[in-house]
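Look for chain A in each of the two complexes below; its partner is chain B in the first and chain C in the second.
Now for the complex of A and B:
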C-alpha cells in the first residue's frame, strides 16, 4: 500500500505534469480544496459580527453581482444566446418584492420567494415566443423587451401598483444582517445551480446548442425546451437576487431600475471577464469588478461606466474567452468542467 | 369626414418623422448586410450627429440641412475609424463578440457624451412657421427634413445601384466568397459601408435637435425603434428598412394621436416581439441566421 502510493508519486514527479496546479503535491491540493472553501464560508458567515456596516454592505453588493453575473452566465454563457434584456428580469423581481411588501404588507421572506417564482413564470412565458428567435434576433428582442417593461411599469394604469413614473417606496423590515445572509445564500445557490448544471447532461446539451444548434437538433436534443429550461432557471435566480436588491434600494423608479447600461452591462462584463460557460469565472469577475468599481467610483464618478465599457471592449478584443479559460490555456489551471 | 382628415394629417406627419427612422435603419441594415454585425452603437452615431448639428447651429447659425455637410463626413470618418480599430477584429467571429463589442462602444459613447456635452437636453427651433399643403398645415421644418431624408435615401440607392463601390458593397453582402474571388477588397468594402452606415445615422441625428430633444441618451430610444424597423423590413434589406421606417413612423403618430405616447413607444417593442414570434427571421427576412 505504502509502496504503491510511493511509486505513484514517483511516477507523477517523473512525468512532470505540465499543468502548474497539478505540480503541487496531491495532499496539499486536497487540503487546499477542502479547507479554502470552508475558511471562505466561515469568514463570510462571521463578517457581520466583526466588520463595519460599510464592509457588510459592500459584500452584500458583491453577492448581488455574483448572483446576477452567474445567472446571466447560466443562460447566455452556456447557450450562447446573448441576453441584452437581463435588466428586465432584475426589474420584474425587484418590483414583485416592492409591490408585495409596499402594497400588501407581506413579510420579506415570502415576498422575495414570490419574486423568484413570478420572474420565473415571466421568463417562461416570454421565453416561449422569444427563444424561437435565433442569435441576433433574440438579442434585439430582449433589448426591446427590457425597454418595453420600463415603459409598461411607468404607465398610468399600472400606477395603483407601481406608482407609475413616481415610483414605489416601501420599508422591507430587513436588518442589514438579514439582507447580507439572504443575498449570500442566493449567490451561493446560483453558483451551486451552475455547478450542478455544468456537470450534468443538461449542461452538455446547452453547450452543444452554443456550439452548433442545428447539430444539436440533429443529435435529438429538443433545443427549444432546453433553452426554455435554462432561461426559466436563470429568471428564477435573477428574480430572487432582484427581489432582495429591492429591499436594499427601498425605492423603485422605472427610470433608475430599468437601466440597461447598468443592470445588463455590469453582469455581462463580469461574466465575460471571468469566462463564459465556467463556474468560477463570474464569481471572480463579480468580486474583482465590485471592488475595483468601488475604488474608482469615489474618484471618477462620471468615467465609471466608461471604464466598464472600455473593459468590455478590451476583453472581447484581447481575451475573448475570459480569465479562467485563459489560465487553463496557459496550463496554470487544469481543464475540467469543475471550474 | 373630419375624423378621416385628422387621420390622414397625422399619417402624413408620421410619414415625415418616419423618414428619420428610415435613414437610421438603412444604415443599420447596410452594416448588417455587409459584415453580419448588428451595430448596437448605431443610436450613439445618431446622437453624435445630433450634437454636430446642434453645435454648428449654436456657433455658426448654419441650418441643419447645411450642417449635414459637416455631420455626414464627420460621422463617416468616425465610422471608418471605429470599423478599422474595433469591428474589423471581430468580423467573422461568433455574433456574441460583435454584439458585446458594439454594446461596450455604445456605453462609452453615451457616458463620454455626458461628460463632454453635459446631460442637459438640447434643441433649437428652426423654420417653425406653418406651410399649407393639400389643405393641412405642416410646420416648414418637417417638410424640409422629409425632403432632405428622401434625397439622401435615393442618393444611397443610386450609389449602390450605379457606382463601382456601390456594386462592390452589394456583391459582398450577397456573397462574400464570390465577391472576394472577383477581386473585391472586402476589407475596404467593410470600411466604406460602416462609414456610410454611420453617416446615415449622423444625417438622421442632425434633425434630432429640431424635432425632438437631444441628450446623450437619445440614441437608446432610436436604436430600439430602428430595431423594430429592421425586424419588420428584414435585416440586411435596405428597401425593406426604408419602407418599414416610413410605415412605423405613421403607426407611431397615429397611436400617439388616438391613444398615448407611452402606448406608441410600447408598440415599437411589441412589434419587435410579435414579428419575431410569427417570423423568427424577421418579417421580410431574406437572411436566416
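Now for the complex of A and C:
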C-alpha cells in the first residue's frame, strides 16, 4: 500500500518533464527567469532616452492597457464575475485627477493618489449592493452603473466641478517621460499585486467563487466579503491608471470618457485573449493587442476595425481559453499559479 | 435540550410558494452516530439539507447545533462552526488542482498536513497536482468527501454519497465514512440504497411530504406501516 502510492508519486514526478519548459536545464531556466525580467525592466527604463516620442507614447498606452486589463482580471478573471461597467471605475479615477488638478490646482502626484483612493471608496460602496447580483444580473447592473455615471458627470449641477457635457480641460504639468514612468509603475504594481494575490490563500478563495460559489460558501468561505475585497482592490488600481490616463488626455468629456465599447471592452478582450485568472495573460494580451492593432491601423487606415475584428474572431475560435492556458494545455508551460 | 445531541431540529418549516417542502420537522442527531435520512423522491430530504447548511433560510422553527441556534446564520458561518456537507451532484472546484481543492477548505493551522493525510486515506495523493475535473467520477466523490473533512466538521451531511458509482468505489466511500466516524465525526446521510441504510446506519429518519413519518432503528423503520405505504403505496 505504502509502496504503491510511493511508486505512483514517482510516476507523477517522472511524467512532469513532458512539459516543454521543464525539459530545459534548470540552470538555463533559472538564468532566464532572472535575466529576462531584468533585461525587460532595463530596456523599458532607458526607452525614453533612446526612442522617439511616438514609441514612448505607444509604450505609455501599452502600460495603461496592461494596468487596466490586469485590474479587470484581478476581480473578474479570478472570481468569474464579469464586470461590464469597468469604464465607470476608469472614469471616476480620471475625473478625480482632472477635478483636483483643474479646479483645485493640485500637483499631479497627490491627485493621482487621490484618484486611487476615491475610486476604491466608490468601488467599495457600490460593491456592497451590486455584488449581491450574480452572473448576467451583475453584468447588467454594472453596465447600468457605467451609463448612469456618464449621465451623472454630464449633468448641469455637476458642471462647476466637471464642466458638464462640455468637459473639463486642465494642464497636468507632467512631461511625457513622467507620464511614461508613472504609468509603467502602475502597470508593474498592478501585476505584482495580482501575482501576490494569485499565490495567496485569498487568491484561491477568489477562484472558488469562479468555480462554484455555493460550494465555496458551504466550505466556510465568506464569498461576499472576498468579492468586496477584490472589487475594492481592482477599483483602487484602476483609479490610479485612470487618474494618470487623464493626465495624458488633458481634456475629459463624459461622452468620450465613459465609452463602454472602449474602456470596458478593450481590457476585457485583452485579458481574455491572454488568459483569464493568470498573471501573464493580461500582460501578454495587452502588449500583443496594442501592437497588432497598431500594425493593422498603420497599413489599412480605412479597414483597420474590420480586419482587427476578423483577427479577434479567429483568435477566439482557435484559443478560446487564452494564450497562457492554451500553452499550458499543450504542456509547453507548467500549470502553476505563478504564471 | 438533549445531552449528547449534535443536531436538534425543532418544528422546522420551509415553503416554496404554495408548496410546503419541509413541514414542522423535529428530530435529533445524536453525537457519534451515523444517521440515515430516507424518503421517496420529493419528500424534502435535500431541502432539509439546504436548510440545515444555511443555503436556504427556514421559514419557522429552530435548528440547534451543540445547543446553539444556527437557523439564522449564513452558510459559511455554519460551515466554520463544524457542519460540513456534500451535494447530490458533486461540486468540486473543477479548474483547481486536487491539492488546492483541499487546502482552500481548511480554516485552521496544519492544513497541509491534514490534506496530505486525507488524500492518502483516499488514495488521491498521487493525483494532487491534477485538476479536479480530470478525476474520474468516483474519485471526484472521494475528493468531495475528503474536502469536507478539511473543515474539521463534527457533523457531516452527505447527500447520496454512494449513488452512481461502482461497488468497489462504494465500499471505499463507506469504509471511509466508518473510519471518520470512529475518529469522532457524526453523520447524517441521505441514501436511496436500502442495503446501505440498513447495513451502516444506527438510526433512520423517514420523511414524506416534508414530515417525519418514522424514526428509530433501521429494522424498526423498515417495518413501519407508514414508511411502507410511502414507498410502495397501499
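Note that in this section the second predicted complex is superposed on the first by the 302 of 339 C-alpha atoms of A that agree within 3 Å, B and C clash if a C-alpha of one lies under 4 Å from a C-alpha of the other, contacts with A are read in each partner's own complex, and residues count from 1 in each chain.
Keep in mind that, in the parts below, contacts are C-beta pairs under 8 Å (C-beta built on N, C-alpha and C of every residue); 3 or more make two chains touch, one makes a residue touch a chain.
All of these numbers come straight from a predicted model, not from anything done at the bench.
**Student:** Counting only touches as set out at the top, which of chain B and chain C does A:152 meet: first, second, both, neither?
**Tutor:** After superposing on A, A:152 lies in contact with chain B but is clear of chain C.
**Student:** Return the chain, chain B or chain C, that is in touch with more residues of chain A.
**Tutor:** B
**Student:** With both complexes overlaid on chain A, does A:208 touch chain B (first), chain C (second), both or neither?
**Tutor:** Only chain C is touched by A:208; chain B is not.
**Student:** Can A:219 be said to touch chain B (first), chain C (second), both, or neither?
**Tutor:** second
**Student:** Which residues of chain C touch chain A in their complex?
**Tutor:** Checking each residue of chain C against chain A gives 53, 55, 74-80, 84-85, 87, 91-97, 100, 103-105, 107, 120, 123, 125-127, 129, 131, 147-148, 150-151.
**Student:** Can you name the residues of chain A that touch chain C in the complex?
**Tutor:** So the residues of chain A touching chain C come out as 5, 8-9, 11-12, 201, 204-205, 207-208, 210-212, 214-223, 335.
**Student:** Which residues of chain B touch chain A in their complex?
**Tutor:** Of all residues in chain B, those touching chain A are 38, 40, 86, 89-90, 93-97, 99-101, 103-108, 110-112, 114-115, 220-221, 223-224, 227-228, 231, 235, 260, 262-263, 265-266, 268-270, 272-273, 276-277, 280-282, 288-289.
**Student:** Can you name the residues of chain A that touch chain B in the complex?
**Tutor:** 76, 80, 82, 84, 126, 129-130, 132-137, 139-141, 143-145, 147-148, 151-152, 154-156, 260-261, 265, 268, 272, 302-306, 308-313, 316-317, 320
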